[in-house]
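Chain lettering (A, B, C and D) follows the sequence in which the chains are written, and residue indices restart at 1 in each chain.
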Amino acid sequence: MSFSLSLKVRDYECDMQGIVNNAIYQHYLEHAPHEYLLSHGLSFAEMTREGIVIVLVRAELDYRKSLQAGDEFQVTVKAARPTPVRLVFEQSILHEQDAPTILEARIICTAVNAVGSPYFPEQLADLIDG
Amino acid sequence: MSFSLSLKVRDYECDMQGIVNNAIYQHYLEHAPHEYLLSHGLSFAEMTREGIVIVLVRAELDYRKSLQAGDEFQVTVKAARPTPVRLVFEQSILHEQDAPTILEARIICTAVNAVGSPYFPEQLADLIDG
Amino acid sequence: MSFSLSLKVRDYECDMQGIVNNAIYQHYLEHAPHEYLLSHGLSFAEMTREGIVIVLVRAELDYRKSLQAGDEFQVTVKAARPTPVRLVFEQSILHEQDAPTILEARIICTAVNAVGSPYFPEQLADLIDG
Amino acid sequence: MSFSLSLKVRDYECDMQGIVNNAIYQHYLEHAPHEYLLSHGLSFAEMTREGIVIVLVRAELDYRKSLQAGDEFQVTVKAARPTPVRLVFEQSILHEQDAPTILEARIICTAVNAVGSPYFPEQLADLIDG
């Protein structure tokens, strides 16, 4: 299964180089999976309030090109479960106009329980390809 | 003339209180006027590259209610020119669902030239009510 | 009583104009009072966990000059209680080198209880001049 | 050669989970190398104004533990030049108190010239171990 979110660069996301600041991409890469969850009826905020703590384990980001003020772009998300307790979001950021890849990322998460042990919240099983 | 922009809270904009962080509203209040400019064919980024430096002189923000994760909202913008060199954006943030006012703001700007004197860039005259 | 915090601009806080983005000042104006609280043994994070919800009611910010990459500056904070339920932080941002005022702000807060009524948390009384 | 920067979590950097938001670490990992440059008399802002465009090529971040409100921490930076045109910052974020590793990162950069070709700005050679 895959998911795609359309966004547009906001001027305040650009830094003194006049392009989107590198850290801002991680905001995009957090927002898109949360919207993906919502499209499956799952709210990250609600899960947080219920004590389900999903944490980032590793992020790999390959920056190919820069986004500039006003650029429209898409964040595509694919979810996978490479190990029993890991949830991986394979993501790409694509420029909407002519579709060169801006960034490719691999975001590896897990959930941790009250004693700090990793587990896979069963609510998230729906996100994974059948 | 007035302008309205529809946005949605992103989870990363919320702080430890579980609501949108106070500073983030100023991002919304910067983004909406920039989109307003674009709707008149004016790009803030392009003006910046051309050396037109628009600066904030004073911001007054009245916080009425909080936005939460996932809330959809509208930012409305009205522009005025109360003095020859000042551009004012009267803005409201409204919750889309049932429309209580979230925030009201008055954003007072000017442009400064190379020697630091304030002026009104004539390109912006179109934003003002006739 | 007054309090002063020394900070330094970080490059990622600057936007495409090459100066600190306007919204970032509100981060500084939030951080300095939280450090002021800590200097009185009060943790905003702890109060949040205990259910004490301090909210911003109104912010007035007068922008005088811009901060640039690498600038060192001071945020000064004075607390007042102009009405029984309001806590006001009068703040200035001063450039450390030669001390022209960068920004002056008046940050008006209150706490809200479980039914949304404003009150003044008695822990904060120590912040106010005797 | 290595470099270390002491920082403290600011409350606005924490998100609804009550811990530092994942993207904020990339701000820390940008700020520390910029301070490292400054300790060698090199200003990222000045290089940007002079047209030297340093870009991020790849970021690998291993998140081990979370930082919380008020935590003091250190960012350590080591620079390397694994290929002629690449500058790599090996970075760790360590909790100051008792020193468990919070995060380990590998930040791979290059500079790009006016036609988009990568190169190594000779000013940066000093950062590399002899």
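The rule is simple: a residue touches a chain if its C-beta (ideal position, glycine included) is under 8 Å from a C-beta of that chain, and two chains touch if they have at least 3 such contacts.
As the structure is a prediction and not an experimental result, all values here were calculated from the model.
More than half of the contact pairs of B-C, counted by residue number, reappear in one of A-C, A-D or C-D; that pair is A-D. The most distant chain from subunit D, with centres taken as the mean of CA atoms, is B. Between subunit A and subunit D, two chains of identical sequence, the interface residue sets overlap for the most part, with shared numbers making up over half of the total.
Separating the centre of subunit B from that of subunit D, both taken as means of CA atoms, is a distance of 32 Å.
Chain geometry summary: the mean Cα position of subunit A and that of subunit D are 22 Å apart. Distance between chain centres (mean CA atoms), subunit A to subunit B: 28 Å.
Residue numbers of subunit C whose C-beta contacts span two or more other chains: 11-12, 14, 16, 18, 21, 23, 27, 30, 45, 48, 69. Because contacts link each chain to all the remaining chains, their graph is best described as complete. Residues of subunit A that touch subunit D in their complex: 16-17, 21-24, 26-27, 30, 45, 48, 53, 55-63, 66. Within the complex, the subunit A residues that touch subunit C are 11-12, 14-16, 18, 21, 23, 69.
Within the complex, the subunit B residues that touch subunit A are 10-12, 14, 18, 27, 30-31, 34, 38, 43-45, 48-49, 68-70.
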